[in-house]
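We call the chains A, B, C, D, E and F, going by the order they appear; numbering starts again at 1 in every chain.
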Amino acid sequence: MLVLLLFIFVLAAFLGFELIQKVPSQLHTPLMSGSNAISGITIVGAIIASGAIEGKMGIILGFIALILATINVVGGYMVTDRMLAMFHSKKDDK
Amino acid sequence: MKIFAPKETDPDETRAALDPLGAKKLTDLGITVVVEAGVGESSGHLDQKYSEAGAEVTQDRNAALADADVVIRVRKPPAAEVGKLKKGAIHISFLDPFNEPDLIDAFAKANATAISLEMVPRTTLAQKMDALSSQANLAGYASVILAASRMKTILPMMMTPAGTIAPAKFFIVGIGVAGLQAIATAKRLGARVTAFDVRPEALEQAESLGAKALRIDLGETKSEGGYAKEMTPEQIKIQIEAQAKVCAQSDVVITTAKVFGRKPPVLVKKPAIDQMQNGSLIIDLAAEGGGNVEGIVAGEEVTTKNGVTLIGLTNYEGLVPQNATQVYSANITNMIEHFLDEESKSFPIDLEDEILKGCVITYDGKIVNERFTS
Amino acid sequence: MDLDSLINFAYIVASILFIFGIKMLGSADTARKGNQISSIGMLIAVVAVLLTKGMDYTWIVAGLVIGSTIGAIAAKRVQMTGMPELVALFNGFGGLASLLVGWAEFAAHTDDSHIGIETGAAVVLTILIGGITFTGSIIAYLKLSGKMSGNAINFGGQKALNILIAVAIVVLGGIFATTGATWALYALIGLSLLLGIMAVIPIGGGDMPVVIAILNSFSGLAASAAGFVIANNVLIVAGCLVGASGLILSIIMCKAMNRTLGNVLFGNFGAATGKTGKVVEGEMKPASVEDAYYVLEAAQSVVFVPGYGMAVAQAQHAVKELAKILEDNGAEVLFAIHPVAGRMPGHMNVLLAEADVPYEQLAEMDDVNPIMNTVDVAIVIGANDVVNPAAVDDESSPIYGMPIIKVYEANTVYVLKRGQGAGFSGLVNSLFFRENTRMIYGDAKETITGLVTQFKD
Amino acid sequence: MKIFAPKETDPDETRAALDPLGAKKLTDLGITVVVEAGVGESSGHLDQKYSEAGAEVTQDRNAALADADVVIRVRKPPAAEVGKLKKGAIHISFLDPFNEPDLIDAFAKANATAISLEMVPRTTLAQKMDALSSQANLAGYASVILAASRMKTILPMMMTPAGTIAPAKFFIVGIGVAGLQAIATAKRLGARVTAFDVRPEALEQAESLGAKALRIDLGETKSEGGYAKEMTPEQIKIQIEAQAKVCAQSDVVITTAKVFGRKPPVLVKKPAIDQMQNGSLIIDLAAEGGGNVEGIVAGEEVTTKNGVTLIGLTNYEGLVPQNATQVYSANITNMIEHFLDEESKSFPIDLEDEILKGCVITYDGKIVNERFTS
Amino acid sequence: MDLDSLINFAYIVASILFIFGIKMLGSADTARKGNQISSIGMLIAVVAVLLTKGMDYTWIVAGLVIGSTIGAIAAKRVQMTGMPELVALFNGFGGLASLLVGWAEFAAHTDDSHIGIETGAAVVLTILIGGITFTGSIIAYLKLSGKMSGNAINFGGQKALNILIAVAIVVLGGIFATTGATWALYALIGLSLLLGIMAVIPIGGGDMPVVIAILNSFSGLAASAAGFVIANNVLIVAGCLVGASGLILSIIMCKAMNRTLGNVLFGNFGAATGKTGKVVEGEMKPASVEDAYYVLEAAQSVVFVPGYGMAVAQAQHAVKELAKILEDNGAEVLFAIHPVAGRMPGHMNVLLAEADVPYEQLAEMDDVNPIMNTVDVAIVIGANDVVNPAAVDDESSPIYGMPIIKVYEANTVYVLKRGQGAGFSGLVNSLFFRENTRMIYGDAKETITGLVTQFKD
Amino acid sequence: MLVLLLFIFVLAAFLGFELIQKVPSQLHTPLMSGSNAISGITIVGAIIASGAIEGKMGIILGFIALILATINVVGGYMVTDRMLAMFHSKKDDK
């Protein structure tokens, strides 16, 4: 099981490296921000933790984690979208 | 075979029919070459160079004429000299056959073979003998250099601390060989060039050299065999009007529009000239045949009241006589080499041949060329 | 299909969407769509996990609502200029969340048995990476938002202290992983948070974007580590994707700044004993051809200012081609010719005529100066003296009073030259130090050809 | 303030000190402008154009001379006319001060301010008034056009069906303003250009225009203030030898080497000329000061025994008089505008000023220029 | 670590090596090393699997020895020219091997219980893909080696038959996966093999390289499917890598041929009722800029032959630049100027002088023709009549007897033109159909600029 | 378990796509040949099958598979190496 997870990890790592090849500098910030939102995937872990039926401590920690992760996800996607919208409208102008 | 190149009789002619290089080539082919003393004087070739090339330099023109199998020259011969040719001799030169029926008859009568270089067909194969092209090319260049040396201004644009000098504006009418080279030369010197021709493909060619093509809708204007067809009077009228505006803005107008076998059309008329600036130039490369410009005088220079100078030289290529002689001589030697019978060292006339069919005017005592037998 | 398989299948779909999302974010035309696709992936992952059997939704709903509200408001309210620091802040939250998830898993492990060395190690990694991400991001946020000085902070013994912390973390991590001792966990949390602070304070404000990119990569790794803790694929994949792509991104960003990653992160770090970083007011800012490409791509008006360097580089043909491309791209293009540009009167005219630049595009200095402030981009090609603002604003300069082409009034100025070489007059050119000027070093022809290539790709 | 531009007295001079555009600029500045009738004749500007520009056209030269605050012309004035100037009047023109000590004394005696345009310092700031440069630039162009119109051959290479015409070979000695423009023009026309200068930076500049730089190791050859230093006799000898080979292969040699304030060095000597081809040209732009070429005669054309033509015009820029007048006029008006006191509409002479310090020769009855006070 | 973990860890390492290997194979500088790295990965994987507990090594050793011997000998013996077909053959073996592995797993499943729908489906896929790969590759091998006509084979009802086979496979696959019926398995095997044949025979010999690339991708997928059957990661990963990269590669190959994948695979397939494919003897062979780049990169002598098309395209500056690059690359470069090239005497001279091509590089026709047979690459830029061999070898041609530049004697000729346009004379140019001529369509300037870009990258 | 394998498969597929970006045409054949050798990874399956202790049929099939796969692997790598060696030496020539 752990081996499979590791396998997945390794493949994902390579894939991550290959995905980003040549990014125009104007996109550096949006890309960072967008992938930051993805790293909010930890929200899934937080949901599992805060949805637990027992273990007060765990639930509390999970709850805080959930709030933070949600901020990261929701805020992250929205802010990225705002940036990109701005970028786009400038391009469409001409 | 004996070839003779006499000195040109026209005092304005600076070219020669043969240069020492050509003489060398012919002697190497096993041909006896005779040149008249002083033949290359005005094109920068001393008699000594001809001797070195293996040619015989003679003072006795008449003897040489009577003795030669082939006589080569640039301009048409004086009528008097046709009779001096050996029977069956070949005479190669520009002949202007459309305007010289008497001369042609004289050739027929003399039983000489007259080859008119104007009539060499414009096929890809014949290009090496195409003297019209080789000379027109140099004429195009020379006309622009002449303009540049006569202008009170420079051709290129210059943005300098003492202000901007605007580029000179050239307008080239007729984008044949001469017109193209004129465009290329003027563009090289930095002028703004506009160009017009009735053949649409010529406009594309002008653009490939960086000129602006003036597009005038004239309806049908097809060309045949590389030459423009004569236009209808209405077409010419439309053209003249559309050109007038461009002329008014131009510092130099160069016209090169010929129509093969006919009088060149008059394309720049007085109203257009009157609108031009004081100090402008018009250079007419068709002046010899009558000119594309109203008021042009062949071989002379006329300045109008409003200060426009019309130049109508008959021999622009003669301004660069050394190169003009070089390529003319190459055309002729190429022709001789092309048709030479290696064995007998003779120049057999095969009237079935595509090229000879076009350019041989008289043969065996008759006018044989279709265009002149009617 | 059973519920578990369904959830896992949803995770796969989410992962694929993340992959597409990241890929598309890397190119201007697709970036926005990419972000949306990745957000859909996130939605799928969240919905999927909510399907898990036996969950108590009270806290979940509360957490989601609170978090969404805060996130949305923050994202809406923030000024454009404040975005980078907000991203840093979000990133910190993500890191902290991962830390907490790891901790929670340990806390939920209620019976007294050891959690197992593998999970233990995963918890250690989660906490370590999450903690560094959190405090590091917070420092970055403070520096960027100006709430803390952007200067690099260095003090004696910094290096030793950092080594100490690192060693302590390794030891404590080992103890916790093998024994599961709670005290070790707490100590670890504290030290990780401290390490995050220590790592970022010695880095100057100008390098913060790279730091955020790195921390972003870390927050991904933290999520991935959390995924190992709770054995969840989508966390592993998504986190790892972010970890890897974030690293590449930060390397790319460094390259664009002509730096190396090591130089950014540790440049000040090692050599830091007492010496404080000096921030040069107005430095020459180099730019890459690629940077310039993106600005030019969006420019509506471009003015080229050629000088003697264009002649030396024989760049006129390439320049003409670039001008053509820019025009085709919808920009208005002019060549502003200074009367003394080059080494002879009309020098530029000769060259540009050779390259067949249309006369209509050649503008005299006096015609172009009045409109210069409406110009998006001015490209100075091997010109120097003729664009030296000293002629206008420095009375002590020997060229004071000479008319110049006022490129400095344009929105952005790119100066193409080989290096620090002076012009004919030998003077320093203050244009190069202006806020809106970027230097593109290298032979002008190479640079222009590079730009042309960019447009063609 | 009243400015007067008399007609040039030298019959070979085609330029004028002021063109209508310049007259307009000055009148717009609030200055009264007087020109002598016919001043712009040879440069293509009718009197009427000056009137339209707001200038007064006078027939009475002497009255105007006596009345003007500033007199502007191209060439140095006849000695007789210096005395006619108003006391304190400013006279702007080329003065050739190194060779005209008497003229300078006359100015001092007449209590007139003589400004010599040759002496405007070659600083970046003063370029707009630098008439030496603006004229040399046009001279460089004109010399090549002159060569092209005099050659028996064309400049560009042409590979044609009638053989290849080789490109003409130019050799430019002295790569200053005129030399650079000559290079540019010859290159534009397709010639192969070799160039030499003693200043190494000039060689790089020639290369930036596509010329081949002839590199001769001469040891130390620094320049000062944009001008070449005079060389030692040994250096000149090495140079002459190295150049001889290039000359022999060249169709056209253009020399432009001046040394500020001194006689130009003789750089092309007889042995080199003797090796050149029949029909070659040598054009000397330094002919006026004595020339760079052995045997040159200022203002004339000499053909050597081996057929090399030496051209030593003194005024090449005069071949394009309209542009030459345009930029000269701009130089002068730029100078006046630069120093004009807007309030009093006067031209105050501040001898502390960098530019005036260089070019004012006499002021207030004294020779004030450092170079001539020794 | 237990043995199983060790093996699995080895698989991870092997997979990583494969990833690097494939990546490095994609670039000229690293390709050979990449192949070696991937072979090390393979070795690791093989050693790892041999560690599996409870194996009988008899057959294994025998199999390895026999296989290695055959493989090594074949690889050593093969002529350079025979390599493509050998690759096809190997590929077929790989596909068959996968098929057999799937089958063996089913066969090993000795008790009578159903193997399970998931494994069943995996077996079906393995057999299907493996079978197609095997017979498809064999056909490709036969076509390439000339043992079978390279012509496309078409017959009436082909389409219907193929659809029938496909339907049958789906049905049988369903039956087998759900019931595990052995007869269904055999039928499936047969049909898969048949489908492979049917798929490849209608494709012409010239397209075989693309077909092999596709089949290569298939053999990877077959291995991957086999991996699912035996639940083995390294098979899944390595197979899938090959599957995906093979697909991309075949798309790239199609692009280089100006074709689409669909066009290659089904071009003849659909429209094939009775009409037999016609093989034109001597066709115009298009090439891509990239192809030309690789040839030019290795060329030692290059002759440019410009014509009127260069003037129209205004390509002279780009040509000059390419010539410069080629020279810097060590090639000898000449421009062969035909006296009547262009539309006026000296037309090419004007253009090349404008671009500042050194006079030394301009060669006359008569000087260049004698050395033409020593020239590696002749690049004809928008010239047509002046290189038309009809002038030399076709007495009936109107231009017979005109001297031409004999580019056809060069090793390779690239002709740059926009399309099928004729020259001034309007004649067909047999040069374009020669064996050693490749046409690069498009505006000459674009093409040349493209080549320059290739060299710069 | 199957889900994890699928995960791995998907990641590997994406990675495979990303790995090949722009291959010079001269390398098309070697790349194909080299990845063909990799597809011989089925050798691992063949070893497992032919090394089985029981199940004659399976072993025989496995054995044949093993031979074929080995040919594919060994031959594939060697032939690729030969191609690339040739390519290289040609490049080094000049």
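Following the convention adopted for this analysis, contacts are C-beta pairs under 8 Å (C-beta built on N, C-alpha and C of every residue); 3 or more make two chains touch, one makes a residue touch a chain.
In this text the structure is predicted, and so the values were computed from the model without any measurement.
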Listing by label each chain that touches chain D and chain E gives B, C
In the contact graph of chains, the distance from chain A to chain D in steps is 2
Two candidates, B-C and C-F; the one with more touching C-beta pairs is B-C
In terms of mean CA position, the chain most removed from chain A is B
Of all chains, the one whose CA centroid lies most distant from that of chain D is F
Interface of copies chain B and chain D: same or different residues on the two sides (over or under half shared)? same
Chain centres from averaged Cα atoms put chain C and chain E apart, in whole Å, by 40
Cα centroid separation, chain A vs chain F, in Å, comes to 35
So chain C residues touching two or more other chains come to 15, 19, 23, 233, 237, 314, 339-340, 345-346, 350, 354, 356
Residues of chain F that touch two or more other chains sit at 1-2, 4-5, 7-8, 11-12, 14-15, 18-19, 21
Listed in rising order, chain B residues that touch 2 or more other chains are 127-128, 133-134, 137, 156, 158, 160-163, 165, 188, 190
Chain pairs that touch, by label, are A-C, A-E, A-F, B-C, B-D, B-E, C-D, C-E, C-F, D-E, E-F
In the complex, chain A touches chain C at residues 1-2, 5, 8-9, 12-17, 19-55, 57-59, 61-88, 90-91, 93-94
Contacts from chain C onto chain E in the complex sit at residues 314, 317, 321, 354-356, 449-450, 452-453, 456
In the complex, the residues of chain C that touch chain A are 15, 18-19, 21-23, 25-28, 31-32, 34-36, 38-39, 41-42, 45-46, 49-50, 52, 54-57, 59-60, 62-64, 66-68, 70-72, 74-76, 78, 80, 83-84, 86-87, 90-91, 93-94, 96-101, 103-105, 107-108, 110, 118, 209, 212-213, 216, 219-220, 222-224, 226-249, 252-253, 256, 288, 290-291, 293-295, 297-298, 300, 330-331
In their shared complex, chain C is touched by residues of chain D numbered 123-125, 127-128, 133-134, 137, 140, 177, 180-181, 184, 188, 204-205, 208-209
In the complex, chain C touches chain B at residues 337-340, 345-346, 348-350, 353, 356, 359, 362, 364
